[in-house]
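Chain IDs A, B, C and D follow the sequence of writing; residue 1 opens each chain.
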Amino acid sequence: MGCLMRSAPLRSAATLCLTLSVLAHAAPPPLPAEHLTVQQLPPKSPHWVYVYDEAFNNEIDARVHLFDGDSYRRLGQIDAGFTPSVNLSPDGATTVVATTYFARGSRGARTDVVEFTDNTTLAVTGEIVLPPKRVETAPSLFNIAYSPDGHFLYVAYLTPAASFGVLDPAHGKVLGEIDTAGCVLVIPSGPNRVSSICESGRLLTVTLDTQGHEAARALSEPFFDPDRDPVFVQGIPTTRGYAFLSFLGEVHEVDLSGTRPAFAQPWSLVSPAEQGRWRPGADQVGAIHRALGRLYVPMHQGGEGTHKDGGTEIWVFDMPSHRRLASWPVQAAGLSRVLAVQVSQDPAPILFAASNAADVAVFDALSGKLRHVEKHLGQTPWMMLNP
Amino acid sequence: MRSLDHLFEHSSRSLARRTSRRSLLASLGQLLTGAALLPLLPVDRGGRAWASDAKSGGPETCEYWKYCAIDGFLCSCCGGTSSSCPPGTASSPITWIGTCHNPGDGRDYIVSYNDCCGKTSCGNCECNRNEREKPVYRPSRNNDLNWCMANADSNYHCTVSVILGVAEK
Amino acid sequence: MRSLDHLFEHSSRSLARRTSRRSLLASLGQLLTGAALLPLLPVDRGGRAWASDAKSGGPETCEYWKYCAIDGFLCSCCGGTSSSCPPGTASSPITWIGTCHNPGDGRDYIVSYNDCCGKTSCGNCECNRNEREKPVYRPSRNNDLNWCMANADSNYHCTVSVILGVAEK
Amino acid sequence: MGCLMRSAPLRSAATLCLTLSVLAHAAPPPLPAEHLTVQQLPPKSPHWVYVYDEAFNNEIDARVHLFDGDSYRRLGQIDAGFTPSVNLSPDGATTVVATTYFARGSRGARTDVVEFTDNTTLAVTGEIVLPPKRVETAPSLFNIAYSPDGHFLYVAYLTPAASFGVLDPAHGKVLGEIDTAGCVLVIPSGPNRVSSICESGRLLTVTLDTQGHEAARALSEPFFDPDRDPVFVQGIPTTRGYAFLSFLGEVHEVDLSGTRPAFAQPWSLVSPAEQGRWRPGADQVGAIHRALGRLYVPMHQGGEGTHKDGGTEIWVFDMPSHRRLASWPVQAAGLSRVLAVQVSQDPAPILFAASNAADVAVFDALSGKLRHVEKHLGQTPWMMLNP
């Protein structure tokens, strides 16, 4: 059988050839021609995790990897530019990335912009251009954040003057900028309140009117001592606010459900004998399963100045009783120091732990049993977000 | 019969001296796009090469038979499959092609290597195989080119391999 | 005497409640730039810590004493030195500061950590040390910030450490 | 001694404090305050090498590392964007990078541009915006190239229609575009000739007028058989042109010093017994010390389809006699497969070899003695250029 139909139009000839060759073999039939498609995401799972990859060695190419903690597959990627601020919308439908681009890659005109990605397609659906003031710093939940009702989007600025932008994501507009008098980052609460952390250990809370402009501001009492024992800014969501861990291992639970922050009595991750010797330390310093009241913290042995060294163990606490339930050495799982942890919020939770070798381990969050280590999930995974 | 593979090669050679590369490759692009859109025939796919989709030697490994001339990141490791682009990317309408031997049925298949475009490089499962691969002066057989070049968003993310049909010996 | 270190901290604390961060840190930037431009005094530099510039423990290693609060790529490994930016980059006029102990003479020194800006991240000799480092709510002591933020080309490349003076105990 | 001058202006207080504390200690004197400067490059050395790093895992962040083969220090970096075309000016004073930027990092409006970097300062001194046609492919000396007198700059285009741009670097202008009828890349010769490699194994040579427009074109006879044994496009500079290696190890020396290319009788890197079993293979498949007439080729054992696998040995040839002088196993140097080689052109030459683990080894090019291995010189170093 020949297919040398030189005079026939190329397209018809090829189609005919393919069809004939597919049909010509009776047993076993050849593999059929394939459709080239774009993959659809499966339905959202609580065991997904959004992994923030700073790509520190190639920092203009940060990205967010969507990873499935059940199938251990990468589901897709969201590009994130240079030292991005990343968060999810309250309904989980949108990934928001505030980032910076330069007209010539690493040089030239700077554009700060917020990009919205549809989490069902991983396509960018819109953007809002910002003034060139976006904070460029280590990841946290407070570099960019939605109001809990999704109505406002807050973007932390630092030029180094500290302020924040108020955006209307539904209409793609910047509504305004609010000066925070030296207090930094955006901690959302209620439909219209934003708190920032001050150098004095206080929270500045700005209340917005319906137009996103400042209606009131209030400064709290200090809730930690920034000289003696500062808190990490990587607050961990609790049922009514956030828990902030201190360098020495104090847990400061902040209730933001009322109009003014309420601070619980701090409690400690470490015994008096351990204090100053065992410490929390990492980029994402803890994760809380809110329904179970469990707190997971990467801990290490070390003195002053080791607060970013990452954990050699993951300690598990019962939040209501402040009791330590377990400590899981990560070396047993083949992991180097843990820089970020996240826990799924479902009844059969899994714990994700990202190491300074860019591996992401998947543990049973109840038993601590290692299920999987995903090697090199990006270059420098420093924060993980639940879907 | 001469394979489609050879048909392409002959055609491109004979055309090369008379037409510009632009018109030639535009046709080639249309042809391959057309081919990739052929309806799936109702053929039983069970029990042959597809059964080897296990981790070892499956579509997430560079050794997978369809990848015999791939140079890039396997879309199977990036949120896609061996023949689908990851979510949020767009496939390249123009491609290079390979001829790969499927040990599952003993046949050689013509495979289109489409790049998936519009996101930065996936960085996972880099795979560089070059059976019958040719330098850039034979573009339709070259895997060094960024085949996202003609896409609206021409950034390279990963590569798929799409069976076009059997290459008769 | 209270150290310059403490002077900064006191001043910034007392000012923080009255002035905007903008004017405070603008002053701080000016101050540090001014300090860094102090003329080199004719002091013999031989035979002390500078003699430890060997590979092990020298300015191309993270353990070097001046790097006690650095978080980034050592410019010494990127074409610069411990106190000079690589060719083609520009130094940041604003910085964070650290207080580092020099085992060579037993003194504590105030060190300015300037970022070098305008090229993509060097990617060599990543070094993350955090003695006396504070979170971003105390910016002048924080090394997470991209201190190239106020440069015309604000991309981060690497970090130097510049001795400002002795920190009296 | 106190420095609590709260009422004094901050700047004066601090300056005074520093001065006093520097002067206050007599023996041993404290280290002086340091000047923050920008480092100057030392005088150019023949042992420098420009290392092209595709940064393939983060491909929008390619760069060129300048590395010194004597001090084993990185001297600086030239940013290079996405799948760049890179070369040096004939006088070595300028690095030219043709690259592509997107307005949103990996998306958005595409800008193709040629950027000029002053090799004495590593600062970008100018740019020429191109039509969005630049070839995006593996590195070679022929993706972008100056005319030998430096008057013209040629940029290979592929859309996939093949053509090239003619630029006037002195005046920062695009002079025009020349269609190459399916032949690809830009191989410069004489003051005004550009050759391209055709699918048929021929060279198309276009001669330009003084305005950079086409004055004449000529197609050579085939000098290789692209079906039976294609040549790598990574030609190696010789005294009078370039040597092209074939997949099977034939050496095709092309003399471009005359108005028409002259092809020497090919000779083989391999014995008849070795042919088809030992092959050249890499990204930069060879380097020639022109004064010594020595050719260095990364070689490996393998069959069809292994032409990019990289060398397990470096074979050394005497070009005039076609004799193999040595074969140096690279594993002995702790290297994985070698993807690129370059040799300095001075009388005490050094050979650089870049591996697929991103290590760059420095060898004595005469004895093969290993001098240094620079670990992880970038992410994917695929080509090296002499200063």
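The working rule: a contact is a pair of C-beta atoms (placed from the backbone, for glycine too) under 8 Å apart; a residue touches a chain by one contact, two chains touch by 3 or more.
All of these numbers come straight from a predicted model, not from anything done at the bench.
Taking the CA centroid of chain D as reference, the farthest chain centroid is that of A. With C-D and A-C as the two chain pairs, more C-beta contacts join C-D.
Note: centroid distance chain C to chain D, computed from Cα atoms, is 35 Å.
Averaging Cα coordinates per chain places chain A and chain C 29 Å apart.
Between chain A and chain D, the centres computed from C-alpha atoms are 39 Å apart. Each chain gets one centre point, the mean of its Cα atoms, and the points for chain B and chain C are 51 Å apart. Multi-chain contact residues of chain C (touching two or more other chains): 119-120, 123. Within chain D, the positions touching two or more other chains are listed as 57-61, 79, 82, 105-107, 124, 379.
Contact residues on chain D toward chain C in their complex (touch as defined above): 1-4, 6, 10-11, 13-15, 17-19, 21-23, 25, 28-41, 61, 63, 66, 73-79, 117, 121-124, 376, 378-379. By the touch rule above, chain B contacts chain A in their complex via residues 1-4, 7, 10-11, 27, 30-31, 34-38, 40-41, 43-45, 48-50, 77-81, 83-91, 102, 105, 107, 109, 112, 114, 116, 119-120, 122-124, 157, 160, 162-166, 168.
Here chain D touches chain A in the complex through residues 55, 57-61, 79, 81-82, 99, 101, 103-107, 111, 113, 115, 124, 127, 379, going by the rule given at the top. Residues 12-13, 16-17, 19-26, 29, 68-69, 71, 94, 118-121, 123, 126, 128-139, 142, 144-146, 149-150, 153-156 of chain C are the ones touching chain A in the complex.
On chain D, the positions that touch chain B within their shared complex are 56-60, 82-83, 100, 102, 105-108, 110, 135-138, 158-162, 179-185, 197-200, 226-227, 230-233, 304-308.
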